[in-house]
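Listed after this line are the structures, all set down as structure tokens.
Same chain, two partners: chain A is paired with chain B first, then with chain C.
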Partner chain A sequence: MELNEVSLILGGAQGSGLEASMLILSRALAYGGYGVIADREYYSNITGRHSYIHMNVSATNIPRSLRYPVNLLAAMDSESIFTHFNDVANGGVIIYDRGVDGKRISDVPSMEDALKLRVLKHLQDLNIESDVASILTYLEKERRITRVGVDFTRWLRMLASKFELQPRVLSRYVSGIIVVTTALILGLDLEYVKYGFEAQFGNRKEIVKENLYLMDLIKEDLNQYGGLLQIKKPTINSDKVMLATGNDFVAIGKIVAGVRYQSYYPITPAADESFLLEKFEVIEYDGDVIGPIIVMQTEDEIAAITSAMGASLTGSRSSTATSGPGFDLMVEGLSWAGMNEVPIVITYYQRGGPSTGQPTRGSQSDLFNAAFSAHGEFARVVLSSGDHLEAFYDTVNAFNIAERYQVPVIHLLDKFLANSLATVPVPDLSKVTIDRGFTSNGGKDYKRFDLNHKISPRAFLGTLNTVMWYSGDEHDEYGHIVEDPENRISMYSKRIEKLQIIESEVPEEIKLRLYGEGSPDYLIVGWGSVKGVALDALDELRKAGYRGMYLDMKMLYPFPKKEFLKVISGVDPSRVIAVEHSYNVSISDLISMSTNVKIVKKVAKFTGRPMVLNEFVEAIIKLLTSKEEYKVLRYGA
Partner chain B sequence: MSKVGCLCCLYFKPHIYVSSAGYCSLKGRCVFGDGVVCGEYRDKVIDDLKKVLSDVGWVYCVTCRKTLVDEFELEDHFNSHDVVADVLIDEAVSDEAPSAD
Partner chain C sequence: MVPEVNSYKTDLWVDWCPGCGNFGILTAVTKALEELKLEPSRTVIVSGIGCSGKIAHFVNVNGVHTLHGRAIPFAMGIKLANPDLTVIVHGGDGDLLSIGGAHFVALGRRNLDVVVVMHDNGVYGLTKGQASPTLQLGVKTKSLAKTNIQQPVNPILLALASGYTFVARGYALDVNHLKEIFKKAITHRGAAFVDVLQPCVTFNDVLTADYYRKRIHKLEDEGGWDPLVKDIDDRRSKLFKAIEKGLEWDSKIYTGIFYLDNSVMAFEERLSERLSRYPLRNPSNSKIVADNSRPIIGSDNFEKIFKDFVVYVRKGG
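What follows is the complex of A and B.
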């Protein structure tokens, strides 16, 4: 039987070629017309620990979420088998290195003790020995899982007998072995894989050639497994797709938005965005050089935000990117931006906190930090994006809002969105507009904080014959420090009351989006990266007879009360479920304080791993059919 | 150690993840560890590793995928793990490892 969709895990030591395997395979699949989403799960210790890529590949649509069990596990080491064997579906396939057959779980020191104990207990319950061969035999017998044992060393040796191998690039061939074996099992046209190698290794022709030689060897040796999990020919109706991460889409969005200054201090999972921007500091278009974009790695996040504010005051579209710990350092600067009405965009990628927390794992636990941090009262906007494509458009929206209302905008994303690689339709640039707001040419009597306007005309530092003053202190219309109580009332109110203007003027599609069928018998409310799994869950639940909708809250602050209340009005409150990657599911508190609507049913996940479809659907059904109010999801290694 | 061939040779520098292959620091090329050893083979004994530890400051445990930085650690790992004087870092590490914490 041919499959519409295949889920797979590629597992191995971090740094051993998994990332390249994911990129080659995803490029091959995208080139062949398949839809792909790939999540990278890795430890924060940089290299050596167990990492895995969890992918969903579809022949019929662009996948939005991940799911368990997976059809295929490609294990580069024994730890991957011990960690994931139970995630493989009946009738699935495990690709593994025959050299690890005799390995016992006690031989794997890199596994954390708690996981080892859980796996050992599970093996004991199943009455299986704790070595690779015993596990694979059990899976073969009891769960019809085919083991495809490959001999990495033999193939590498054959390769070495033909080419002069550089030992320092061995992982490039290990990636090749994993990708080709996987592609064979999925019954992919190997021309796609060839394209994947060429795209990945670009001008390193020797590595491409050697991998193609390996491909022939593998094809011959593993012929019998070809098409074991045959995926259907793709029928996705999209003429052009991009394969990129959320970090990439934000960076591209910034280029399109016309960013001229980006600052950062390296931090996971934000840094990749700045690295991509660095590659495009000078962009040529039709023979003209656009830009340049100055990308500055500052000494810390305080300098990152303050330098971006300085750049913004000169009229450059300016931004910075960080995650929770970095944002915490930026908070004083954020308050300064509020006081001085500085348009600036902070791209905030959430990760697991508090403190250093789980730096390379995901989270949505910083909603309140984004919405309420910093001293004093002032207007800010917090926007979120549900997927890669939205992240692109919202990046442009963030700058437009920042400049139109002269406020800091926090674009709140998370690690799952940042680091996952996905095939995404190419953004439609005709939908993009640039709004630089109320600007001024300044002049002799220019008042930067002119009280005749709710949003004062903005002249840029350096404008001819124009003087303006910026300080952290309360000021008059020129920016001079004053403490007069009447002036305080006018200035202070003016800054805060922008929130009302923003709430009333920002178009509804930037504030929230509603998906699913009308007159639903349940409503899921969430924001950010839960969108994909929530939408897939609606489809699954429809098959089970539930009619649902998903409300994606995009503008989180100021909270769009009017639009939210309109959506919620026809829905039974006991059938509303809030979902979030956090303990508290803070969106429900934000809704409650903004609208008085109390959502009591919640789905939470705070392991740092993304919500996957199977557990999500189960939780929603449980909440809809029982008195239970709070479900914590925990699936995923 | 039950391993044979170059794997037990002091001059064999295994690849950090594909430890059956690596670099022979005498011959300066890629070798596979389980093959027939050459005339230059030198058994890897703990005293050699102790010397490396004192000269360089670390040796590497392939089994644990980590550096060992003192003699107690070395003794602890030496008998049951694959400890080597040096390890070959793959070029992919720089692309594959997260760039910050």
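What follows is the complex of A and C.
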């Protein structure tokens, strides 16, 4: 039977080349016309801890969510088997290194005790020894899981002698072995894999050649397993796709939006965005250059936001990128941006808190931090994006809104989106515009904070014949400190009341989006990266006879009350479910304080791992069919 | 448009305490700008928070009165984005060396072409006289309940260690001398630091005008004083000499230029090696919009520019 869709896990130690496997395999699949989404799960560690790639590959559409159980587990080491064997579907496949057959759980020091104990307990219940061979024998017998034991060492030795390679470099080729073996089992045309290697290694022709040599070896040895999990020929009709992470899409969005100054202090999962921007500092194109984009690694996040504000005052589009701990440091600066009406974009990738929390895991627990942090009252905008492509458009929207309304804009994303790799349609550039807002050529009596306008005309520092002042203290129209109560009322209100203008002017599609069938019998409300799993859940639930809709709240602050109420009006409140990667599911609190609509049913997940389809669907059904109000999801290693 | 003489001052009432050393700094700075004929619209004073920070409003050039401790990174963003501007930072000793200490060091490392003027009064003026990081150990100024038990940081040595390529000290009440230092600091290409001894008449009854009058010596009055680094080999010995003079405090306090090194690349130059056409083409003047409000990257060039992320699906099936 050919499969429309295949889920798989590639597991191995951090630093062993898993990411390369993910990229090569995804490139191969994209080239072959398949849709891919790949989530990266890893510890806050450089070498040795268990990490894995959780992928979903589809022949019929661009996948939006991850699933358990998986059809295939490709294990670089024994820990991957101990950790994930239970996630493999009946009839699935495990690829592994025969060299680890005799390994026992107790031989794996990198595995955390809690997990070891859980797995040992489970094995005890099943009455199995805690070594790899016993587990695989059990899976083969009881669950029809094929074990594809391969001899990494033999292939690597042959490679070494053929190309005269030093033993210490051989481990680099394991990622290629994983890719080729997986591709064989999926029955992919190995031409795709060849493309994957070429795209990955570019000019390093030797490495491509070596990997292709390995590919031939593997093909010969594993011929019998070819197409064991045959995936269907793809039917997605597109001649090109983009293959990139959320970080990449934001960076590309910033480049298109015209960012000219980006500052950052290194932090996961934000830093990759700045690395990419740095690669595009100057774009030589058609004999001209686009840019420059100055990418500054500052001494801390305080300097990141304050220097970006400084750059913004000169008229350059400016932004910074961070996650929770860094954002916390930026908050005083945010307040200055509010006070001085400075257009600036803060890309905020949430990860698990509080404190350093789970630095490399995902979360959506910072909604209130983004919406309400900083002292005093002022206008800001918080935008979120449901997927990679939205992240691109929203990045441009963020700059446009920042300049049009002269406010700080926080683009709230998370680690799941940031680090997951996906095939995505090429953005439609004809939909993209640049709005620089109300600018001014200044002049002799220029007033930066002119009260004749709800949004004062903005001249940039350096404008000819123009002098202006900015101050974090309350100021008059010129920007000079003034504590007069009447001036305070005018200035303070003007800044806050921009929120009303924003609420009324921003187009609905930036505020929220509604998916699914009309007159639903249930409604899921969420924001950000839960969109994918929510939309897939709608489809699954439809098969089970439920007719639902998903409301994706994109603009979180100011909260689009009018549009929200319009959507919610026809729905039975007891059939509304809020979902979020957090404990509190804060979106329901935000809704209740903004509109008085109380959502009592909630799906939460705060393990740091993304919500996956099976658990999500189960939770929704449970909430729809019982008196239960709160479901906590916990799937995933 | 260079203003008439004296119009480098705004007509705001200056709300420092009568007799405050800040008045001298204000005069010296406005005179320096005037004598250098700096275009007000191309000049920016970026200040921190404190009595000192208010100076941004009193000078008739662009003024950006920022956050406590953060004037330097604001200034960095301004200068990097528009390298045509002359950017001068004013901050208190608490502002620059305590809460903003990391930025002070970072600016030196970068040697960005910005002047930092520190209003060094030994106290936190605006919060009513607590000890600042330059106040000597064992001193009790009048608003301190107890004697200061923290050691001071030496601003001159810190600036030298951080990499500032122009390091000087002036005295707020010697306006002409200070003005000359400012002019040199402004025309210096690279990070310049001027430590200005500034009597706070309200809260610092130890570091008074009288105290300074007895101790201040001008470096240039020392025979043969020459702070200029001639070449790379000369750097070490000039640095040692500057440190030696910078260490003096109790009986002699030196003013003047301690160290001047033109041989270190300014940050703008380092950047221009990476960014073609910088600083001529820079963030504040480079184009981002094409016709009809379109981005300059459009359907025609998007795929070419981001080709590494585009996969062309194989033909046929």
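The criterion applied here is as follows: the second predicted complex is superposed on the first by the 632 of 637 C-alpha atoms of A that agree within 3 Å, B and C clash if a C-alpha of one lies under 4 Å from a C-alpha of the other, contacts with A are read in each partner's own complex, and residues count from 1 in each chain.
By definition in this document, a residue touches a chain if its C-beta (ideal position, glycine included) is under 8 Å from a C-beta of that chain, and two chains touch if they have at least 3 such contacts.
What you see is a predicted model; the values in this text were computed from it and never measured.
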{"item": "First (chain B), second (chain C), both or neither touched by A:G376", "value": "neither"}
{"item": "First, second, both or neither for A:G227, with chain B first and chain C second", "value": "neither"}
{"item": "Partner touching more residues of chain A, whether chain B or chain C", "value": "C"}
{"item": "Contacts of A:S171 with chain B and chain C, given as first, second, both or neither", "value": "first"}
{"item": "Set intersection of chain A contacts, chain C complex versus chain B complex", "value": "none"}
{"item": "Residue numbers on chain B that touch chain A, as the complex places them", "value": "15-18, 20-23, 29-30, 32, 34, 63-66, 81, 88-93, 95-101"}
{"item": "Contact footprint of chain B on chain A as seen in their complex", "value": "12-20, 42, 44, 46-49, 76-77, 99, 107, 109-110, 152-153, 156-157, 160, 164-172, 174-175, 266-269, 271-272, 275, 356, 359-360"}
{"item": "Residues of chain A that touch chain C when the two form their complex", "value": "27, 30-33, 191-192, 195, 199, 233, 238-244, 248, 252, 255-258, 260-261, 263, 280-286, 289-294, 296, 298-300, 302-304, 306-318, 332-333, 336, 396, 423, 426-430, 432-436, 442, 460-473, 479-481"}
{"item": "Of all residues in chain C, those that touch chain A in their complex", "value": "1, 10, 12, 40-42, 44, 46, 49, 54, 56-57, 60-67, 69-70, 72-82, 84-85, 102-103, 105-106, 271, 274-278, 281-284, 286, 288-289, 292-299, 301-306, 309-314, 317"}
